[in-house]
Amino acid sequence: MSQWIYFFDLWGTAVFALSGALAAGRHRMDPFGVIVLASVTAVGGGSIRDALIGATPVFWIRDPNYIIVILATVLVCLLLVRRPRKVPEYILPVADAFGLALFTVIGAEKALNMGLSGMIAVVMGLITGVGGGIIRDLLCRQVPMVLRTEVYATASIIGGIGYTVSLAYGMGEKMALFLAMASALLIRLSAIKWHLSLPAFDLKTKRE
Amino acid sequence: MSQWIYFFDLWGTAVFALSGALAAGRHRMDPFGVIVLASVTAVGGGSIRDALIGATPVFWIRDPNYIIVILATVLVCLLLVRRPRKVPEYILPVADAFGLALFTVIGAEKALNMGLSGMIAVVMGLITGVGGGIIRDLLCRQVPMVLRTEVYATASIIGGIGYTVSLAYGMGEKMALFLAMASALLIRLSAIKWHLSLPAFDLKTKRE
Amino acid sequence: MSQWIYFFDLWGTAVFALSGALAAGRHRMDPFGVIVLASVTAVGGGSIRDALIGATPVFWIRDPNYIIVILATVLVCLLLVRRPRKVPEYILPVADAFGLALFTVIGAEKALNMGLSGMIAVVMGLITGVGGGIIRDLLCRQVPMVLRTEVYATASIIGGIGYTVSLAYGMGEKMALFLAMASALLIRLSAIKWHLSLPAFDLKTKRE
């Protein structure tokens, strides 16, 4: 079972590395800069999680496969782009949505595994899911996706709560993992496609 | 006695969460985004402090009250704003000033409590006091308050030195706590009100 | 031998603190703000490294000399500028280049010393070398140097690989240290002087 989680974790690492590499390409960075941005995006959230919990050395220091997956992703990305092709605008947020969904559930799972409470597990899912993307957007001087209104943090929090509650009600780990990931992903992808958003907390208009 | 500190710590958490929620409202974030920004502002500084010291899992993982205080603050903030009302421009820096003063002294206290030196205690007070606000301002793409000239880091450093020195000279913990907080707060509030600033270190004008 | 490394480490701390103070001067910060920016630049990368590895309390908490070097550097910097003088544009990137080279090799050395693998040592060198500068640039709302094309991450990665490989092939520690530092420094300084850059990974032009 934990092999499933490991597989999803490496998969999430690859899609977040891809989102970092795409962001790097939009800023015309050199190959080593691409590696740096892909890496912080892919392992940033999990590193913050592990440092806060005290699970040090953090996961990618203990297991070299994460760095290998990132290097391979960047290599493929750099090679593919040699043959010029259109990179549609939506690829970056979609890759980011997959990473968000996968890492949210994996972060929550790791917290529960360490005996932390359900509430903390949801927070750790959120940190793991949004941390890397926030660092990527800060470095690229973009407005962090989590700050925009299209249910970003919402998707992660619902995914984390879904996973924690499903387990608490006795659902099997594999099923809970799949359902929570699918919900978070669907919510986020729908939000991207139809520009859904929750009502904003808007102080600007109250100030005039 | 340490109950006093705990009370001030939760109070500082609430005012920093408020400052994060206000900043989120100015960026028209959705409710979950507000929670995220309020949380990183409220626990960001203390989390960095605990991670650097190695006091992990960090404080809010060990004690759920911090997250509960943040969620309650955000809830009150979201509900109050339903009835449109003017939010004066100065509310955000004033809430920030209270958090700065409270967290500076609490951060210094925690460091001393762990047997660290007075100099490190001042630094830990500074990190606890300014860390959350820096993260908030970075995420909102504002110039971090600590970068502006209105005695921001200064207030924190003086508060931290005041607390450490008062204790070293035998003042009671409660009195030292109160005096140091009041000094940092007064310095910062005066600076906001009268736009006080120390002479700037200005390389620009030397370059022509 | 480890005394050599300690000396270089304090030297790197001073040049990075200088680069932080220079950046602060360009933003007209007050003296305490200068101290804050000089400090996060000087110890930011090493602090992230130590927190990720779990070497806590981090190095500058255990050894007060780092903070003393930073305070002394800032003091000298503030005093010198009293006599107005031109500060040439290239001083900041050059100081940054020295810090980059020194901290890369020291970061790799510390990782190897803790029994971590060569690959992780290169990554730790990179984090130590570029971390502080990234935080400095983020706080000053500059495009982080690591995002620009002039072989920045490249210099650090080559320096880290050079050090690790030299040791693996039996070179003496002092010689490997010196050679790797010199290579990273030369690469970066050449890039600054002649605006060298690797071919960029450019997605923008592929999108039309």
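In order of appearance the chains are A, B and C, and numbering begins at 1 in each one.
The rule we apply is simple: a residue touches a chain if its C-beta (ideal position, glycine included) is under 8 Å from a C-beta of that chain, and two chains touch if they have at least 3 such contacts.
What you see is a predicted model, and the numbers here were worked out from it, not measured in a lab.
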Fitted rotation between chain B and its twin chain C in degrees, CA, nearest 5: 120
Same or different residue numbers at the chain A/chain B copy interface, by half rule: different
For chain A paired with chain B, centre-to-centre distance based on mean C-alpha positions, whole Å: 28
Per-residue overlap in chain C, given as positions that touch at least 2 other chains: 51, 54, 56, 138
Of all residues in chain C, those that touch chain B in their complex: 21-22, 24-37, 39, 47, 50-51, 54, 56-58, 61, 64, 67, 77-78, 81, 84-87, 89, 138-141
Complex interface listing, chain C residues touching chain A: 51-54, 56, 116-117, 119-120, 123, 126, 130, 134, 138, 143-144, 146-147, 149, 151-154, 157, 197-207
